[in-house]
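Okay, so chain A shows up in both of these, paired with chain B first and chain C after.
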Partner chain A sequence: MNKMEKALHELAEMDDLAAQGSPIHRLHPAAKLLSTIAYIILTVSFHKYDLTGLMPMLLGPVLLFQLSGIPVRTCFYKLRIVLPLVMAVGLFNPFFDRAPLLQLGTVAVSGGVISMLTLMLKGVFCLMASFLLMATTPIDSLCAALRKLHVPGLLVTLLLLTYRYVGVMTEELAVMTDAYHLRAPGQKGIQVSAWGSFLGQLLLRSMDRAQELYASMLLRGYHDHFHYADIRPFRLPDGLYLGGSILVFLLLRFVPVAALLGSLFVR
Partner chain B sequence: MHMADALLAPAVAATMYVASGSVAGVSIHKLKKDDEPQKLPVMAVTAALVFAGQMINYTIPGTGSSGHMCGGMLLSALLGPQAGFLSMIVILAIQCLFFADGGLMALGANVWNMAFYGCFVGYYLIWRPIMGSRLFGEGKGAQRSRIVLASVLGCVLTLQLGAFSVVLETSLSGITELPFGAFLALMQPIHLAIGLVEGLVTAAVLLFVYESRPELLQGVTPVSGAESKRSLKATVAILAVIALLVGGGLSLLASSNPDGLEWALFGNAEEGYSENMGLDEEDYGVSSTAAEKACAIQEATSFLPDYAFADNDTPVGTTVSGVVGSALVAGVALLICLAGGFFRKKHSKI
Partner chain C sequence: MIEFQHVNFAYEKDRPVIRDLSFRIESGESVGLIGANGAGKSTVMKLLLGLLPCEGQILVDDTPVTKETLKTIRRKLGFVLQNSDNQMFMPTVYEDMIFAPLNYMVSREEAEKRVDAVLARLGLTELKYRHNHKISGGEKRMAAIATILAMEPEAILMDEPTSALDPYNRRVVINTIRELSQTKIITSHDLDMILDTCDRVLLLSEGQIVADGPAGEILRDQALLESHRMELPLSLSRRE
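Let's turn to the complex of A and B:
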């Protein structure tokens, strides 16, 4: 399977997850979007040494994953994209910040190690939150929500159209890449003689095709903006979810839950 | 270069959202004024193609490695800077939403680092002036050389600016203990090499478009005439060497003299460079009553992670009870997962 086929597989998997029908899936997409943004802001706002304060934030997404029926492990393969840069930045902390901050028996843990762990956990938690949003919300609903939140129509329509064509183009290029490699066995990538023509040919054909596409859109009654099929009003349960989730995230952020829990067992 | 949410403080992320949002607003206004609704599907299809095209590996001759193409320069050369910028926003949004490549909160910063520099700086400072000039002379061959020069220079410059912004944003967010200068010295040369390869791949695609359909390229007037004597391969080689020298010089300059920048950004001369190197916000800054007041207000209101929470004397919170509590939280999270899995299985059996 080449890189593009993998990407297609990931897209299809997200679509499948978003098509399920749990209570979380049925919520208004705007409520889910705003709640996710609130969660991410609160999570990254933790102090770089506040590892124990950050831990309880895990409970929010874990609970929502279970309520929506999406296994937590499904999001972990995406960590391969998130972690490298976070690791590259965080890995230096233990070398530069060596002041011991915590004594665990005879082992002293330095501030750098704690800040590195905090940074990585923040990365994982934020990934879980945004993955959950996309795994429970189809792109059409999300675009409808973005329109409701007054994101410019041009941008939203462009997002929706591009998403549609990402699948088509990726599939086309996956076939082209396979065909190229079958004719040029043992080569790692596209050779320099075909650098321009490989993508260029598809680019020219597609740009021409886009004109026909616009004509067909007009014939189907397109005028300036799309009509979203499943847009529905923002109801009381949506409001309750939004308010409730933000309240819980605020409590997890500002009440030292881990320390309180621990003090029940340790004096 | 896609930044994850964890690498940014909320205040920095919000600032970048405002900056990118304003440019997006201006771009949308310009496109609406131009009134070319038929451009929308072209933008969408081209954006989708660039998205997929960035996954193609191009073998770099003479080395075992491979490179990719530079989306921002390609889109602005084909669609113009405004339409290119909006298309890049959409590409970055899809990468962030479906592939976790870059965070939702960091989207504003990623748009700035990759789309703004690539489309606006690359177009107005590099592409348009070079394509409008008479550099390399007249004729088709000269035009081709100009395309290569503009692509390579544009990609190198915009990637250097993007890498610089990543370092600046991360450092301002107080995420890394790595000194600003060292971080910069790490990022800039890597992106110089990436920029060179991306520039050459982008140039190859744009040259192909130029050969077949020159009218599709922005700011290029199709010429018919005799070929110039300069061979394209020679031009590419010369340009690569120039870009390497210029970019390498800039990177070295940036890494060997980080104090000037840090002085400008973070502190005054009296406080001393060495104290500022660690980028510990509590150690730098001009002390004055106004600054103290501002600091007090910021401490009361700020979400910036470098301040401990107001009534928390030990920012670490790493008492033994905290550690035990964290372990308990992890246990509870695991239990929730197990319980969820158990109920799902039961449900599916029914």
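Let's turn to the complex of A and C:
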């Protein structure tokens, strides 16, 4: 199994995760979607120096991971490629913002370091919440929920096809990479001189396949409506989850939980 | 009933792929569309399905294929693509099979019954919850046919249904096609399969029909086939 096939396998595992039957999985996709959006907005809204205020926001995803039966390590494993990019956000803050903000013993910690950590954590928390949504909701149900929330059909179709085409593109990449290595034994990776044509070919081949795949959807009655998605009516438990989760997130956002907990131990 | 009336089509200007094409296929017929590479076989399928715009008129049950009628027309036609990977885009065989009936507003209960019935009929019940990317090429081809049968179309169009299959799976697909009662239009280079499954053959060359007649007659005409870059089916050439 080459790297690309492994990637495909991992993509399919996301579908397996989404098909499980925990209480979180069984919730209406719109409830989970709106709750996730609320979480992301509230997480992002923290001030860049409010590191201690931000920390309790971790409770939300951790609790939901427990309830959905999805191990947190699966999240970090699946996101291992994106996480470093998120972590890189704010990497330059310590160079631009050098004013000391707090003193840890003899070490003065600058505002840049704090804002860098805050940005990193915001990114990680938002990724965890997004992962949780994807891992507990099949993509088609998610798209159906978006349509029910009156998101334009074109945008929703784009989202669905992007998800589907990641697999198509990865398959093409796997075939092309194998073909390249069979004719370039001993080479590590793909030579820089071949990058242009390789990417061009990949794009063209993926487009061809994507067009055929879309045609196959159209020929079987797909028209921006997700009748086939297994989505049931919005019920009371969905409303309770949505209201309850947003309430908890608001409390975590506006009540200084960390400070209150700290005051129990430090006078 | 499917009818092409003076249909013309070109992917690029001045390079026509289909030229003044006219033919008629009655309900229940099994028609093999044969021809060398680039003869226009797949293009004919795409035109019929309204995937490409054309000059002239294409009729399905007397309804012209237009933007407005596409939904009705496509409901009647099931298309099995050459590459099953492009056909099977849902995570599992079951989800792929239920996709079309639900899109056509069949109730979930009824759609599930259809899926189970088709799987049982094709002997594929054990594939139901398998992941599409984990099944073999032969199983995938059969599953692709199953997804179309679950639609309950009036006519089935197949593009190279036996390509890249081993002899056993090829035979399974041929037997399955033979048992289908719907109108069938099959494009293929596998002339033995066409001989086995079709009553009538249309020989396409440079976008035109150069022969139209009983499969047994056209596929035995060595001179005709060779003049259009084809050969006798292996089963016939061995005998002669």
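One rule holds in what follows: the second predicted complex is superposed on the first by the 191 of 267 C-alpha atoms of A that agree within 3 Å, B and C clash if a C-alpha of one lies under 4 Å from a C-alpha of the other, contacts with A are read in each partner's own complex, and residues count from 1 in each chain.
Everything that follows uses one rule, which is that a residue touches a chain if its C-beta (ideal position, glycine included) is under 8 Å from a C-beta of that chain, and two chains touch if they have at least 3 such contacts.
On a predicted model such as this, the values are computed, not experimentally measured, just so you know.
When the two complexes are overlaid on their common chain A, residue A:His225 makes contact with chain C while staying clear of chain B.
Of the two partner chains placed around the shared chain by superposition, chain B is the only one that A:Gly189 touches, whereas chain C remains out of contact. Ranking chain B and chain C by residues of chain A touched puts B first. In the superposed pair of complexes, A:Ala12 makes contact with chain C only, with no contact to chain B. When the two complexes are overlaid on their common chain A, residue A:Pro56 makes contact with chain B while staying clear of chain C.
Once the two complexes are laid over each other on the shared chain, residue contacts for A:Phe198 go to chain B alone; chain C is not touched. In the superposition on chain A, contact is made by A:Ile37 with chain B only, not with chain C.
Residues 164, 209, 213, 217 of chain A lie in contact with chain B in one complex and with chain C in the other.
Every residue of chain A that touches chain B in the complex is listed here, in rising order: 3-4, 7, 10-11, 14, 36-37, 40-41, 43-53, 55-56, 58-59, 62-63, 65-67, 69, 71-72, 75, 78-79, 81-82, 85-86, 89-90, 92-93, 95-97, 101-102, 104, 109, 111-112, 114-115, 119-120, 122-123, 126-127, 129-131, 133-134, 139, 142, 152, 154-155, 157-159, 161-166, 168-170, 172-173, 177, 187-192, 195-204, 206-207, 209-211, 213-214, 217, 224, 254, 256-263, 265-266. Across the complex, chain A meets chain C through its residues 8, 12, 15, 19, 138, 140, 164, 167, 171, 209, 212-213, 215-223, 225, 227-228, 230. Against chain A, the residues of chain B that register as touching in their complex are 1-10, 13, 24-25, 28, 31-32, 37-38, 40-49, 51-53, 55-61, 64, 66, 69, 78, 86-87, 89-91, 93-94, 96-101, 103-105, 170, 174-179, 200-201, 204-209, 212-213, 216, 278, 303-309, 312, 315-326, 328-330, 332-333, 336-337, 339-341, 344. Of all residues in chain C, only 49, 51, 71, 74-75, 77-79, 81, 83, 85-87, 89-91, 95, 98-100, 102-105, 108, 131, 133-134, 147, 151 touch chain A in the complex they form.
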